[in-house]
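Each structure below is given as C-alpha cells.
First subunit A sits with subunit B, and in the next complex the same chain sits with subunit C.
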Partner chain A sequence: MIKRVEVQYRGIFQKNLAKKIGSDIVMIASSMGQRAFSNGRYSDAPERNGIPCKYFAFVSPDLSEEELEAECGAKLEIDEANVSVVLDDTMCKGVEPWGWHGVRPINERVVKDGCLVVITKRPHEELLQFIGKKPYNYRLATLDGEASLAGLWVNKDDLTYEHVLGAIAAVEPTIISIEAVEAYLMKKTKDKKRAEAARAAYNSLRQEAKPPRVKTVTPNEGIVWTHEIPVLPKWFEMQEGAVVPAVPRGFQMGPKGQSRNTGFKRGTTKTQRPAVRFDLCTKCTLCWAECPDECFDPTTDGYYDIEYQYCVGCGKCAEVCPVKECIVMVDELQFHDNNSPWEDWKKDPKTYITSLEAKKGTERVNYPVVTGKGVIVTKGEVMPEGKIVPVRKTEEVEV
Partner chain B sequence: MTTTPKIDYEKIKGVHKVPLEELYTSGHRTCQGCESATTMRGFIKASGPRTIVTGATGCMYVANTSYLTTPWIVPWMHTQLGAGGASAVGMAAGVRALQRKGKIKQEKINIINFSGDLGAGDMGIGGISGALQSDYDLLIIMYDNESAANTDIQATGLSIYGAQTTFTPPGSKHRIMQRRWKKNVAGMLAVGHPTCKYVATACATFPPTDYLNKTRKALSIGGPTFIHTYDPCPKGWDYHPRYSNELGELGIKCGIYPLYEIVEGNVIYTWDARKSGKGRIPVKEFLQRQGRFEHLIQEDIDYIQKGVDEMWEEWEIPGVAPLKGILKARI
Partner chain C sequence: MTVTMEKPKSGMSDGVYEREELLNGCQAVAQGVCLADVDVIAAYPIRPYTEVMDALSKLIADGAFDAEYIIADSEHSQFEIVKHASSVNARAFGGSSGTGWMYGMEALTVTATDRLPPMFVVGNRALDDPGAFGVEHNDAMAVRDLGWLLCWVTTPQEALEHVLIGYRVAEDKNVRMPMALAIDGAFLTHSQHIVKIPSVAAAKKFLPQYDLAERRLHPDNPISVAPQANEDWVMEIRRQNWEAAKRARGVIKEAYKEFNAIFGERYAQPYFDEYMTDDAETVLIGVGTVAAPGRTAVKRLREKGHKVGYVNLRWFRPFPTEELRACLSRFKSVGVVDRDFAHGSPDNCGILMHEIRSCLYPAKNRPAIVNFIGGLGGRDLSIADAQKMFDITAQAAKKDSMDGYITWIGLRE
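After this line comes the complex of A and B, so read on.
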C-alpha cells in the first residue's frame, strides 16, 4: 500500500517551502518505521516565477525501499493523491500539469475520501465556486493562513511549513502522526514554538474543532470543468526537424485584435490581476509598453484593453501606471471570467466601476521589492469618476 | 560582390510612436515580470516583420517553444549554446547567396542573433567574436540577466561580484563565493573588432524608447553590430516581479551598468549621471533591493562601490575601456 501526498505550489515563490515539506514528510514517516520517498516535478521545466508546480511524497508501511522507489520514482505525475496540499488558494482556478494537458482542476488527483487541504482565508463555499466536480465524496480542508511567497534565495519563516505538517497529520494520520511531527520538529530545531504551531494547525482541522474546517464534498458540489485538453500534433503529423508553426500575422485595433499563441494560454500563473479604471486613464501607453506578456490590446479610442487569458499577473503595469488607483492588482479569486474589461466598461461605465470597486475592496496588497519579506497592506481609495491624481514618484523619469 | 540593400529606419520619438503590432506575441513561458521578454518584444518591434531571429540556448529559448507552440510571428531558430554567432553568419550568408542568385527579392532582411550572457558573453563568445569579424549584415543582441537562468541560476562570467547563484551560495566560512568581477563584454568587443561599426549597451525600459532606437540605429548602420542589454531577472535576482522596471533604472543610475553607444570608434554616453548634476546614486540602493545580495555586509558594499567609482573616475574611457592611461617611465 502506498499513500501519496501532493504539494501544489507556486513556482520559485514557494519552491523551497514545498521541497522542505516533501522531504520532511519522508523524515517523519521514516521515524514512524515506514518507508518513504519524495520527488518534485516542475509544471513545465525550468521552473518559472508563479507557475503552478507540484512536489510529491510517497509513504508505505509495507513495501521495501526498492519497491517503493520503483513504483514512484520514474513517474513524472501521480495518478492519485490521498492528500493534496495547496499552498496558494488562487491555484483553485486550475493548474497546468506536466506535459501540457491544458488547465486541469486542482482536485484532479484526489482519491475517494482523500483530502484537499487549501491554505486560505476563504470559506469552503467560496472555493467550491472554482473547484471542479468529482464523481465521489472527498474532503476539503481549509487551513487558515495567507499564501507564503518567498524567493529563491531569501526564505520566509512564517510557520507555514509547520502548519502544513500539522494539517497533514490531522487529515491523514497514517501518513504522519502529530506526535511524530512534534518530536521531529523539536529534535531538528529545538524550538518549542514550531512544535506548537504544528499542533495548533492539527487541532484546527480535527473533527470536533469549532468552526469545522474539514468539509465532505459530495458529487454535486463544485463546478463543471470546461477547460478542454489541447490537441498536440501526433508524431506522424510533425514536420521535419523540429519545426513549429508560427503564429499567423494579424493585428487590428480593439479587444483581441492581436493574433496570439492560442496553444499556450498561461493565465493560471497569476495570483493577482490588474483591474483598470478606464475613466482615470490618461492614455500614457506605459502599461502596454512595459507588459512582458503582450496582454494589452490598443483600442480605437486610445485605451488599452487587457486579455486576461494571457496575463500572468506580474504587476508591472500597476507599478508603472502614473495615475492613482487607475491600475490596481486585485486578488484573482475575486473574478469569475476573463471578459474584456474595456468592453464591459463601454457597455455600462457606472456598473463597471461599482462592481470593480467592490472587488478591489479597501485593502491594497503589495509585495516589498525583495520577495519573502511579507506583504505591504495599504489603504485604498475610491476615486470619483474621472478624477485623475498623479502618483507621486520619487523621481522624474529623464528621457 | 553583391551589395547588401540598406534601410533607413525612422527614429522613434516618444512612446506614442512605438509600432503597435506585436511580432513576438502572448503565450510564452517566461517568468512573471520577465525583462528579457520585454527586450525580445522590443527589438522585433523596432526591426519590423522582415527579420529572421536566431539564438543560442538560454532561458528565452526554452520559453518560446512550449509544447509545440510558439509566440513568434517572424521566423525564429534555436541553436546550440556555443553556436549563436555561427548561426547568424550562416543565415546572413544564406540570405546573401539567395539574393545574388535571384531566388529571393533584393531587400533588406535583418538577421538578429539574440543570445544570453552565457551564450554570447561567456562560453559562446568565440562564435560571437567570429561573427563580428565577418562582413555580413547581422545584429547580435546579448540579453544579460547575469546568470544561466535556464537551468536555475548558475553563475556565468557576467554575474556580478558578490551575487548568490546556485554555483556561488554564501556559506558560514566564505560569505562571498562569486569573486569574479563582471566581464566587460561590450567594451571588449568594441575594442577588438574593427569590422564592427556599432556597439551599444541598453536597457529595455530605461530610458524609454532608447533601446528601440539603438536597435534601429544598429540595423541602419549595417554590417556586424552588437548590443548588450541589461535585463533584471525577478527569479534569479530575487525581487518581486512588479519591480523589474525599477531595478534596471537603479542599476543604470548607480553606475554599475554604463549606457553608451560606440559609432565608428566614438563613444556617446546615452545616459550620463555626471551630466544630470545629481551624480550617481550609491550602489547600495540597487543592491539592497535584491535577495541575491542579502548576505552582503557593509564592507562588501563598500568594495563594490569602490570598483564602480574606479570605473567612472579612473578609466581612460569611463565605463567602457578599463585602461588607466600610459605611464611615461618604464617600471
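After this line comes the complex of A and C, so read on.
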C-alpha cells in the first residue's frame, strides 16, 4: 500500500515551506515504522516567482524503499494523491505547473475519498466555484489561514508548516498520526507552541469540529473543466533542429490586440491581479511600458487594457502607476473571468467602478516576499470618479 | 585499390584542376574553405589549428577570397558565432585544437542538437598535459556521440577535398549535421606536400549552394530556434538526430560517387580505404596519418611474403558499421591502432578498439582482435612500430588467451 501526499505551492515564494513539509512527512512516517521518501518536481518553469509547482511525499507500511521509489519516484508527475495540500487558495483556479500540460484542475490527482486540503479563509462553496468536478466523492478540507509567501532563501516561520502537518494527520492518519507529529516537533524544536499549533489544526479538521471544515464533495459539485491538454506532435511530425514556428507577429489596437503564445499562458501564476480604475488613468504609458509580460493592450482612446490570461501578477504596473488607487493589486479569487476590463468599463462605467471597488475593499495587501516577513496591509480609499491624485512612492524597500 | 598518397589523375588541361601549390594541411584546409566559398569564418588561435586561421586571413588580405572574418574572444564565442551564422543560412567555418576545442564544448553540443551544418577543422592535439601540443585524437572524439559528422584525413590533398565533401554531406537536407574534419597535429597540419587545387568551376559543380530552406532564421521566415525543451520534447529531438545520423551514411556514399565523377577516380571506397587486403590474413586499422607507416609496413612485409593489409578508417561518425563488419570479418586477426585513450573503459582499450569490437560482435566470423595504444602526445608511430604491430596481431590469431591483448607502442619501458 502506498499513500501519496502532493503539496501544491507557489514557485520561489513557498518552495522552502513545501520542501519542509515533504521532508518532515518522511521523518514522521519513518518514526512510525513506515518507509517514506519525498521529492520535488518541476519542468518548464524552474520555480519562477509564483508559478504553481509540486512537492511530493510517499509513505508505505509494507513496501521496500526501492519499490516505493520505483512506483513513485521515477516519474515527472504522480498518478494519484491521497492528500493534496494547496498552500495558496488562489491556485484553486487551476495550475499550469508543467509547460505543455495546459491548465489543470487543482484536484486532478485526488483519489476517491481522498482529501484536498486548502489553506484559506473562504468557505467550501466559494472555492468550489473554481474547482473542477470529479466523477466520485472526495473531501475538501479548509485549513484556516492566509497563504504563507516567503522568498527563496528564507523560511517564514508563521506556523503554517506545523498546521499542515496537523491537517494531514487529521484527514489521513495512516500517513502521519498526530501523536507522531507532536512527538517529532517536540524532539526537533523543543518548542511546545509548535506541537500545539499542529494539534490545533488537527482539531479544527476533525469530524466533530465546529464549524465543520471537512466537506464531502459529490460529483455534482464543482465546475466543468474546459481547459484541454495540448496534444504534442510525434517525433516525425516535428520540425527538425528544435525549431518551432514563431508566434505570428500581429498587432491591432484594442483588447487582446497583440499576438501572444497560446501554448503557455502562465496566468495561473498570480495570487493577485491588477485592478484598473480607467477613470483615474492619465494615459502615462508606464504600466504598458514596464509590464515584463506585455499584458497591456493599447486602446483606440489611449487607455491600456489588460489581458489577464497572460498576467502573472507581478505587481510592477501597480508599483509604477503614478496615480493614487488607479492600479491596485487585488486577490485573484475575487474574479471569475478574464474579460477585458476596459470593455467592461466602457459598457457601464458606474457598475464597473462599484463592482471593482467592492472587490478591492479598503485593505491593500502586499507580500514582502523577499524577506518573508509576512503581509503588509495598508489602508486604501475609494476615490470618487475622475479624481486624480498623484502619488509619490518613496517607501523604502525592505532589505 | 587507391592509395590516397597518390595525386589526382586528372590533369590541368581539362579544367578540373587549376594549379599546384606546396601546402601543409592547414593551408590546404584554407584553400578548401576558399573554394567552398564560405561566408563567415570565426577564429581564435590555438596551435596547431592556428595556421588555418592565418592562411585564411592571408587569402582574404590578398583579395583571393571574400568572407566575413571574425576574431572571437575565446573558442566558446568562436563556436557560437559559427553556429549562429549557420542558422541564418551562411556557410560557416571554425576550428580549434585540444583543450580549445573542449573549452567551446557547450556550443558544440548545441550545434548538433540544432542540426546546423557548419564545418570545424580540428587540428588534433593532446588534452593538455602541461602545454603538450602533439597529436592525440581524444579532442575530436569528444563530439562522437553528440550528433556530429567526424572524419579523419591523411594528406593535405585529402584535407582540401574533404572541406568540399564535408560541406556537401553536412548541408544535405537529409543530414544537416555539423562536420568535424580532423587533421593530425604536426604530421598533417604542418606537413607540406604538393597539392592539386581544383578549379572554382569544378568545386561549384560539386558543392551546391547552402540552403537551410524552412529552417533559415530570417525575418521573412519567422521561427524560434532551440526554445526551452524538456521532458516533453527531448526524446523526440534525439530521435530525429538519430535518424539523420543513419541517413548520413547514404549521403556520404553518394557524395564520393559524385566527387569521383567530377575529379577523377579519387576514392575507391567512401568510408575507409583498404590497402592490399584482398588475400590478407592480418590487418591493422587506424585513423589519420598512421596510415603512411602502416601501409609502408604492409608493402615491405608483403615483399617477404606476409599476407598483411591496412585499413584506413576515414569516417568515424557516422560509423560505417555494416561495411566495416563485412570487411574485417574476412581476416584472421585485426590490430586496432588507437592514438587516443579511454582510461578505465572495458579492458582499458582505446576508443577505436571499443567501436570496432562492438561493430564485430554480431559478425558471423569474428577475427581475433588486439589493441595498440601509441603515438600519444605526438610520439612517433614508425614503420618499425607498424611491423611490430603486424607481428603481434598475427600471433593473436594463434592464441586463446588475452595475453598481449593491449600493447603500448613506443613507450619507454
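Here is the rule we go by: the second predicted complex is superposed on the first by the 385 of 399 C-alpha atoms of A that agree within 3 Å, B and C clash if a C-alpha of one lies under 4 Å from a C-alpha of the other, contacts with A are read in each partner's own complex, and residues count from 1 in each chain.
Here is the rule we use: contacts are C-beta pairs under 8 Å (C-beta built on N, C-alpha and C of every residue); 3 or more make two chains touch, one makes a residue touch a chain.
Predicted, not measured: the structure shown is a model, and the values here were computed from it.
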{"item": "Overlay on subunit A: subunit C relative to subunit B, clash or fit", "value": "clash"}
{"item": "Contacts of A:Lys234 with subunit B and subunit C, given as first, second, both or neither", "value": "second"}
{"item": "Which superposed partner A:Met27 touches (first subunit B, second subunit C, both, neither)", "value": "neither"}
{"item": "Touching partner for A:Glu319 - first (subunit B), second (subunit C), both, neither", "value": "first"}
{"item": "First, second, both or neither for A:Ala246, with subunit B first and subunit C second", "value": "both"}
{"item": "Partner chain(s) touched by A:Leu76 [first = subunit B, second = subunit C, both, neither]", "value": "second"}
{"item": "Which superposed partner A:Arg260 touches (first subunit B, second subunit C, both, neither)", "value": "first"}
{"item": "First, second, both or neither for A:Val365, with subunit B first and subunit C second", "value": "neither"}
{"item": "Greater subunit A contact set [subunit C / subunit B]", "value": "B"}
{"item": "Subunit B versus subunit C as contact partner of A:Ala200, first or second or both or neither", "value": "neither"}
{"item": "Subunit C region in steric overlap with subunit B, selected from 75-83, 237-245 or 399-407", "value": "75-83"}
{"item": "Residues of subunit A at both interfaces, subunit B in one complex, subunit C in the other", "value": "44, 99-100, 232-233, 238, 242, 244-246, 248-249"}
{"item": "For the subunit C and subunit A complex, residues of the former touching the latter", "value": "113-116, 176, 214-215, 222-233, 235-237, 239-240, 244"}
{"item": "Touch list for subunit A against partner subunit B, complex", "value": "12, 44-51, 99-100, 151-154, 230, 232-233, 238, 242, 244-249, 251, 253, 258-266, 269-270, 284-286, 289-295, 298, 307, 310, 312-316, 318-320, 329, 366-372, 397-399"}
{"item": "Subunit A - residues contacting subunit C, complex", "value": "43-44, 76, 98-100, 232-236, 238-246, 248-249"}
{"item": "Residues of subunit B that touch subunit A when the two form their complex", "value": "15-16, 18, 20-35, 37-38, 41, 49, 59, 62-63, 65-76, 149-153, 164, 205-209, 234-236, 238-246, 249, 271, 276, 289-292, 294"}
